[in-house]
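Got a structure for you, questions after.
Letters A, B, C and D mark the chains in the order given here, with residues in each chain numbered from 1 onward.
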Amino acid sequence: MLVEIGNVQIGGPKFTVIAGPCSIESEAQFLATAKGVKNSGAGILRGGIWKMRTSQKSFQGLGSEALGFIKQVKNQVGLPLISEVTDPRQIEELIPFVDAYQVGARNMHNYSLLKELGKQPKPVLLKRNFSAFIDEWLKSADYILSGGTAQVILCERGIRTFETATRNTLDLNAVVYVKKHSQLPVIVDPSHAVGMSDLVPQLCYASAAAGADGLIVEVHPKPSEALSDGAQALTLESFEKTMRQLEKVLAAFDRGLNKI
Amino acid sequence: MLVEIGNVQIGGPKFTVIAGPCSIESEAQFLATAKGVKNSGAGILRGGIWKMRTSQKSFQGLGSEALGFIKQVKNQVGLPLISEVTDPRQIEELIPFVDAYQVGARNMHNYSLLKELGKQPKPVLLKRNFSAFIDEWLKSADYILSGGTAQVILCERGIRTFETATRNTLDLNAVVYVKKHSQLPVIVDPSHAVGMSDLVPQLCYASAAAGADGLIVEVHPKPSEALSDGAQALTLESFEKTMRQLEKVLAAFDRGLNKI
Amino acid sequence: MLVEIGNVQIGGPKFTVIAGPCSIESEAQFLATAKGVKNSGAGILRGGIWKMRTSQKSFQGLGSEALGFIKQVKNQVGLPLISEVTDPRQIEELIPFVDAYQVGARNMHNYSLLKELGKQPKPVLLKRNFSAFIDEWLKSADYILSGGTAQVILCERGIRTFETATRNTLDLNAVVYVKKHSQLPVIVDPSHAVGMSDLVPQLCYASAAAGADGLIVEVHPKPSEALSDGAQALTLESFEKTMRQLEKVLAAFDRGLNKI
Amino acid sequence: MLVEIGNVQIGGPKFTVIAGPCSIESEAQFLATAKGVKNSGAGILRGGIWKMRTSQKSFQGLGSEALGFIKQVKNQVGLPLISEVTDPRQIEELIPFVDAYQVGARNMHNYSLLKELGKQPKPVLLKRNFSAFIDEWLKSADYILSGGTAQVILCERGIRTFETATRNTLDLNAVVYVKKHSQLPVIVDPSHAVGMSDLVPQLCYASAAAGADGLIVEVHPKPSEALSDGAQALTLESFEKTMRQLEKVLAAFDRGLNKI
């Protein structure tokens, strides 16, 4: 099953890297990151507008303020954008700005949201809840698919286990399993899965070698100043290095990057 | 902190039992259950109108059809009703029918829903997500409380662990811990936590002995014919027996049931 | 199935409390604790001689030094003793000193040890490994039973889950489940399961109300000076209070304490 | 830190594949497997003599019967052998037959065993317990190292999580983490981690790409007839294919196989 975000096909022979900041923090930060990741070979931008935060005292995203400059950045850089939707009432507001919707791990069971996303034409990236059985994840995808769309991408982002040394436990078993048991493309989010930027590159290579269709990676020009999830963001320099090694791993499987 | 559902105070010296079917399936089923549980000493009714189901092919609840007879049943029996809300847009529709809103485990991270529930005056029962840290559960309660209400009840309903012999693992550690670290009333849902009706009574007694403020228990006149979660529902007869033994356990702590 | 430790029957109508220090640290500490817990109604003493410690730099128990005074303390106080065995070669050495052997959670899968314990006549208390399925726990008991003995007691001591607020998650579902599916007596160790002494009493009451056959509780004259696990040990005063409330809970089930 | 098993160095630039049957079932089965895996590029043989089985009714390994032919097979094939030790009293008996000892997941906390293994000169492969924190795993390695040896290899073999679609959850986060925080070589056992042979090859590639020092893989000439763990064993044909693709992945990192 091929899913198209902008002109980028996910699920075919090419491998797609979605990259960008956890949160869009300002036009300058977003533009710098977007340019940088495109130059390194990313095919799609990511960037949070409204954030799901465990505490209501944490930064909740720029929200509507970000909508003022998103289009310009996209046009200037020439990459499509995927962004998270956290409430069914945001779907319509986001239509002019995003090329695909992301459903975050904490909304994987938000069936009201899933059903409405299935009725609109833009692709949906469905993250696995951090404690969802693979079977529940596929059934949540069915909630979207039953609305009529076929444009669903699955995303493994780590599960919650007893281990505390890393943020979550990346479950590549699940990626390999789902590739055998579902037609949907599967990508991996190593940034959330491990939570430490210096461990992200090896997990990018491992995900590609496991047969994933792509990656979604957090990149920030200055991770130490990020308003959310700075500890897991790659710098533009480490992203560039990671992409060059990633290409070698993909070549071992006769694959290449999905660049624009 | 005392929370009032109808005339029933939760969080004080009396122990409150909320009982009823998983789903409201028909007027007859709901009325028979409501009368039965009231006779045995339940203080509040439970009954699902819209159900959260992992598969979209499972029974999704009677929905609006149930609204046609809920008021009559409540009036006839004389107990307040708590029911689950799964979408912010249902809050207003439910106002005339329910005395308190339940947020299910899968919506504990649905911050859009939590924020709106905090702005209205009816009490909110917040179930712990089956993989939420205690700290995340309390922070989700803060999302509701920050809207201005003080009427929040916490509900432990079992967590997802490696064990598969039981549906989930009832976490009474969490109940005891939260009673020490939060002012909010805490009740226990042993039915979902264990998933087997013959193990529910002992867990009701254990929850009372651990110091919970109440229970929410699934009861069905004919569990084998239930449209959802029949395996964990008590019959009216076993509910009656459980309530009589429960009163003895509560007496050991100089407590009694919150009956109307 | 009745199991007898000294003259104390476990698994019958009476409820048995095993109490004492995590580690035997000195004759004075052991004697003071033993007298205190007997006065409050404990029926059996516990006390570690060789400790299983995650780090080889932690206190490993008094070892053979403790053997010099254990008999005198037992005679003076008049209670039987249970102590942990961590190596098949310790079984024989301990014969004159202990009335029952404890297999700790980390040795539940140590089949060499289990098989040898099944060939000797003293009762064996088998703790559930912190990540063992109930089924694996029962199969480990079968390893002991297949040696010829029938004197096995199961002990739930908390499982390892994602939750970090408490040391482990006490699994009372498992206690209720095993009481239905096995003939063996089942006791509960709330001290290890929760790891915080101020939460232990409520979990003692909950365990009794759930239908356990007894408890094993850590008690120390001065928990802040304990060489191991002080954070979870009750003082003699709080143990006394806990036992008095426990008797009330047991009375609700027409049960009493197994005192000598 | 380099560890040498026979003439094979683990932990250096070359990548080592340990392969063979779960259990040694007969001379013919062991010889056929050993020849096959050597031809495909394995550097070390694996083969269980005494098996740790959850149920005492399952096949427990050939035991001493296997010792009769192990040397001949090793000489004929020319590969060193690693085999599991489950009781300190087996260490000496195994000296003439094995080139390294394996400590299984269920014995990671068997400190008596670990201490004695640290006092002898052969390398020790320490599997991570399926519910051990990374920190506990490293501390168990310290128990061995404190005996005086430096010849310890760590092996990640999957952890126990809530997920049931796969046997365990392979934790490559842990592999990447331990490579940064420990000097010890780290290898991966994808066979036990996922439990389904058709998912093993991708996880071999992923492990290599994550930076592991090697693999331990179960191979059986006829997996459907295996006496233990047949569902996860590769055939000789699929092992050959996997090794050829693995070499391509390693080449992407300028690495090669450690062949004899």
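Here is the rule we go by: contacts are C-beta pairs under 8 Å (C-beta built on N, C-alpha and C of every residue); 3 or more make two chains touch, one makes a residue touch a chain.
This structure is a prediction, so every number in the text was calculated from the model and none was measured.
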Minimal step count in the chain contact network, chain B to chain D: 1
Rotation angle superposing chain C onto its copy chain D by C-alpha atoms, nearest 5 degrees: 180
Chain whose mean Cα position lies farthest from chain B: D
Winner on C-beta contact pairs when A-B is weighed against B-C: B-C
Same or different residue numbers at the chain A/chain D copy interface, by half rule: same
Chain centre separation (chain B, chain C; CA means) in Å: 35
Shared interface positions of chain C, touching two or more other chains: 131, 160-162, 164
List of chain D residues in touch with chain B within their complex: 131, 160-162, 164
Of chain D, residues touching chain A in the complex: 131, 133-135, 158-159, 161-166, 168-174, 176-177, 179-180, 193-194, 196, 198-199, 202-203, 205-211, 245, 248-249, 251-253
Parts of chain D lying in touch with chain C, wherever the complex brings them together: 52-56, 86-89, 106-107, 109-112, 115, 129-131, 136, 139-140, 142-143, 146, 160
